[in-house]
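I have a structure I would like to understand better, so I am pasting it below and will then ask my questions one at a time.
Letters A, B, C, D and E mark the chains as written, and numbering starts fresh at 1 in each.
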């Protein structure tokens, strides 16, 4: 029974992810896209729960849904007036994009299918957040530092780009 | 772990910090900014030189300092130094952004330095992104037309999509080998011979570096960015970042050594298409930088020749060629920046009369161009021949044949540059070169010639470096 | 075995997400929509990592950390991309990618 | 190097001295005429003395003497530098040395005042060197080299007045046409080297040749070499250069067409007589060619108006006659003596005839003997007498030298089974007598001023050559008188002395027949006199003279040859059997238009065009590929994705 | 010998453009030293001993087994001498140059360095390096100091030759890599028994690649165009020396390293050569520009060289090497004579010229001598060469050999046609006032003629030298 519920809710999550993604890419209104993205991201967060990682799921919601989506919204508001009608679609382009994406889908799907995924010989079952923290500050400390630098650069860059724009305006 | 092992990176981090403080100043002081940045980068070269022989593994094996990485770090330090050397006059970037310009160049350098030392997939990815983002920001910094932002957008999205592919490939590698450490992956690779995941994962993982090196089909950004970016930024993209990409391609490609031809055939394919396409399209270009972009695509194809041999001399030749490419391409760009002192884009035809305007610059140009074209006794010729030799040793006959014929093709447009600079007269005022600039010119010319004639020392160094990777 | 307990489910899901994102990148003219699509692709990758982490990896911490880092990178990327998009809008008065067509040949 | 034989040294000196003279004049003294003259003459005199010395030294010793040193040693090709002294070469040596000496003397007078005086003597020296070398060389290759040098010298000499188009044209023609023959010669040599392995004349003449080489090969080889002889000795169909070669100064004509250049061909035939005799088919062919040439040149000689042209055609005919004699002897297992003897006698009287002609031309400034006649040529006593002597010899009238040698040749022809050959010979004798005396009679008996014939012969000479020649010369002289080192008039004695000497030779030489034969062959065959033939020949010659008298000499003669009764034939002869036309057509149509133009067109369009097309193709494909780089980001991205997916799927499928 | 031009370049670099005389003097001294050294090696070579003498060998790049290895043997000594002669006379010929004097001599000396290097190298890598060094300065030399259609010509020439290099590189590397020795030492590579398949491929690549420079038909079209555009001394060097690099390389690399490949392709080689000989003279016959005429005669003469090489016999190779020398000197003479006339009259159309024997007897004499030499007149060096080649050719390829011999007559026609139109006939009044060659400018031409005649009269002096290396060479095949 719990399996059924788990399965059902899993399918729900999957549906949220996929539908959200479809909306994110296919809807003509940019705001719908953002909402679709948020939905999809939440779905992915749900998937993370199924993958034994509530911590990452939480972070996903916090960072992605909380931060990135909001940033995108701001950008939308800064740039394009929403009331302008979207230009008509170019069917050739849509077909081309679908073809490209489809080809990649075939490629990656085949790859996933043909590969024999073998689990590691020894597996530790330690899902605690403490370990993550430990790893983060030991094995992955370089990346940790790098990420901080990266974020700094991104921040500065955004400011410079924006300021430059304002200055010239 | 000694400080020295991490010394170069540390130094450049500090340098970034100093520059960061410079950006906080209320009033921009361009000349002073440049002086500071330039001095720091000069010291940086010395530091890189001092740390050349450092060895060791840091940060829980995720970071390896060996001859291989140190050589590239030296090259990167040199690249930064050279770019800063021609940045005294920086007309294409707003004065108040000069400090940021230096800062992002430095962060980019730091990113690439960590890139060449990283032996862990995630480190590689993040370091790559660090260097890329700095460049994404630098490209639209240019003052003036709309094309800079357009170029920036294109650069960014190409980069983003490529890095998505790369990340996806990394995830597969992680899935198949259960590790993000290159040494572990290397150890696991033989088990994966039966499964397609090894080759495909590697190819996908290399996508990010194909992008950096502008190898077909990841080359589309290059012409636009070269044309749209500020000269100095493009110079950096065209020299230092290429060298880092080569380093990482080497690191990743050796993982595929197990797969033999199954793996290398793809590289052969990409290499051939890259050189042919680059050279053919370069023929019809009128904009100097755009032509150089296509030539860089072709050169990426050449470098790949050495990498795909997956064996000591071949890889060493690639390193040699990457270093050579840094020098010779920089020489050409330096001439470009000096000729276009107001920072505008230059048509090839606008080089006319350079011989009369500044014989020294024209000499540097001719040497640089000839080196790019692979004309002896320049460094480019020697490097190219090394590449071909090692490829032939592995039996890539057709590849060498096509590469050699491509050399002829490329000569066509290179000679057009020489022709414009040397043989067309234009009544334009002479170009003044400051004494340090003259010294730089002479040094570059001497380097191009000297290492073309006596490549042994560099080659031996490169071989020693490769041994550290294999 | 239930679907949610199978590696392949997640892998296919990731592929679908990735390709949807790719489709968006290739088809949308609005640059912000393109950015959204890129975010989807990044998510697909992190889903992959998490799945491998769950089913195959020797130590479950690694994949999670990777996912975290990917989030950070995505955030940084979004910041830069958005700022450039805004800059583009200032110059072109549009964020339609097809309007940026000066550079060719 | 082993101790050199003194004779070798002398022979070498004989070759090298004129060469040094040539080099010295060309490099240092070409601006100083008298110094050049001195050098050249000294060399020539030295050669003359050496030649006679050798002749005297080895008199009565018929064993051949070979003196060789290595000149060039490659693998298969070995070229010795050496001399073969046997009676044949010694006699020729004397002949050549003497004639060239006489010509040099004669030229002092003739070329007096010419601006190219020094150069002229340099060329003469070169010519002498080549000819002497040719005569005494021991190997065919050395002979070939000298042979070519003879061609070169003749080119320089014929085209001496290079500012005149016809002269330079004639020089070119002479060189190219003889070269045309030479390449056959060269091919023959190559075949000999390859299949026989030696080019030593003595070895080639040995009987071993016939054993070592297949008969067909031997014949091919012989015919190829005969090709060279054809060129040099002006046999059909490449005789056309010789009449044109009269553009050169007259002494040059005398030199080239009496004893030396043209004789070189026949000399070679004589030299390789045993070799040729080994191949009867080749001999038959030679006989046929020579006969044809004989008839052709005699007929053309009948209508020529230029005195030098007449002598030129007579030269061709006499050379043909020598070849006929040799060929006939070869076929009938005779000896080379008849042809060779005719060569000797002909050298004397033809040099005489030309020098006389030169004397007239020098005096009257025209080449047409009609104009000379009008100018009163018969008052020029010495040349007139000597020219008559020469003409008598040429016509084969007893007791002049021509008589004896012609008689021998006709005797040889008589021995052949097919009487066609001898009848041709006799016909030729008749025609020769006719045209020779046509000239003599015209010179001796000019028509009165108002005679209608003058109008006819006033017109320019056919073919353009020769016209205005004397005029040019006069001018040159005019210059010479005015300035430069030439003072006073040309010395008459220098012109007359050789005439007298040669006339004497012509008178005497015939009687030396037996002596010479003994010298050449070591023994003298008593010739049974064939009286029928003798009568026939002399009779026909006299008939020819008679006919000439009827047409040209007698009072009231119409000055129209009997040929004018058959205008078509006359026209045919005047046009020289259309041989010049044929060659001109060949040159223009085949060489220039067909080959040269086609090849050039091909070179421009196909070969070069192909290269340019490749270059344009590269540029075009570059332009095409550049369309990939659209300004549209997503199109490029799509392309990238497609390639990546394609590569990936390929990898997956490939397994 | 290599050093003196390099040092010359270095000194020249330090001089100022204004110091014209000094520049010339330095160039002349550098060239003179090369010349003297080449004579020294030529005369000092010990014929009894044979083999390679004056050897210098240093390792260069160990990773690839490359070493700097130069030496002199019978085969290259004449060509070194040729180079010495031509550079020396070339510098003298260009004495009157006024524009960009310094650079001119720099590039010219650079070119010569390459040429010397090619002739002396026994290391494949250096061989190719020098080969390229010799080829590239041509571009600059033609472009700056050239005349008719120089842009097109320079581009075409350089691209064409580089395309040749594009074939050479794979061919060369194929041999290197399949030897398994990891050495570029030609002597060592020579000992490797390559499989016939590899030899066939490598040979045809090398043959075609080097053949471009040797103007093998149908890859010759760059050469007349290049000659026409190039300044006098460059034409001299180009036709006189550079084209020999191609044929020398065919001999030294292609034939030496791939004997089986050579045997496989010999028929083809001979065919191309024979076509080239015939074709060259016929096309030359239709040209009206003096330099085009000479250019096509070069095509024909280089065909003789190739034909000699194709025979693969001692005679043929002797002749081929001899012909390289003879043709080199001869063409240099040709071009220097034409250059002199062109400098004065500014035209090379043979119809506009005429009567030059009257106006400039000495200059014309130079040209006529060269023309006669070209027509294969005995007493000149080229006669012997042609003789040897033709005999060998008739032996090995009878039909093609005979065809080639037949072309000689057209060759004569063609040489004399030019001589006649240009130097004979009535002088063009426009040019009457020109002065003849001064003794100083005549000196280089006299040197050239001197060598032509000297080796024409004493061929054994050179042939004996050539033989010392050709005979072992043939045995090695």
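By definition in this document, contacts are C-beta pairs under 8 Å (C-beta built on N, C-alpha and C of every residue); 3 or more make two chains touch, one makes a residue touch a chain.
Note that the structure is predicted; figures quoted are calculated from it, not measured.
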Via touching chains, chain B connects to chain E in a minimum step count of 1
Those chains that touch chain D and also touch chain C are A, B
Listing by label each chain that touches chain A and chain E gives B, D
The pair out of B-D and B-C sharing more C-beta contacts is B-C
Centroid check, CA-based, most central chain -> E
Expressed in whole Å, how far the mean CA point of chain C lies from that of chain E is 64
Distance between the CA centroids of chain D and chain E (whole Å) is 36
Separation of the C-alpha centres, chain A versus chain D, in whole Å, is 101
Dist(centroid_CA(chain A), centroid_CA(chain B)) in Å evaluates to 31
Flagged in chain C as touching 2+ other chains are 18, 21-22, 25-27, 51, 56-58, 62, 65, 69, 73, 76-77, 80, 84-85, 87, 91, 97, 100-103, 105
Contacts with two or more other chains occur in chain A at residues 93, 96-97, 100-101, 104, 108, 111, 114, 117, 119-120, 140, 143, 147, 150, 153-154, 157, 161, 164
Contacts with two or more other chains occur in chain D at residues 615, 626, 629, 633-634, 637-638, 641, 644, 648, 652, 655
Chains touch in the following pairs A-B, A-C, A-D, B-C, B-D, B-E, C-D, D-E
The residues of chain D that touch chain E in their complex are 26, 30, 70-77, 141, 144-146, 148-149, 152, 155, 159, 162-165, 167-169, 171-172, 175-176, 179-180, 182-183, 186-187, 189-191, 193-194, 591-592, 595-597, 599-600, 603, 607-608, 610-611, 615
The residues of chain E that touch chain B in their complex are 60-64, 125, 128-130, 132-133, 136, 139-140, 143-144, 151, 154-155, 158-159, 162-163, 165-170, 173-174, 176-177, 182, 201, 205
In the complex, chain B touches chain A at residues 13, 16, 20, 23, 58-60, 62-63, 94, 96-97, 100, 103-104, 107, 110-111, 114, 118, 120, 122-123, 126-127, 129-130, 133-134, 136-137, 140-141, 168, 172, 175-176, 178, 194-197, 200
Touching chain B in the complex, chain A uses residues 108, 111, 114-117, 119-120, 138-143, 146-147, 149-150, 153-154, 156-157, 160-161, 164, 167
So, in the complex, the side of chain C touching chain D is made of residues 22, 25-27, 97-98, 100-105
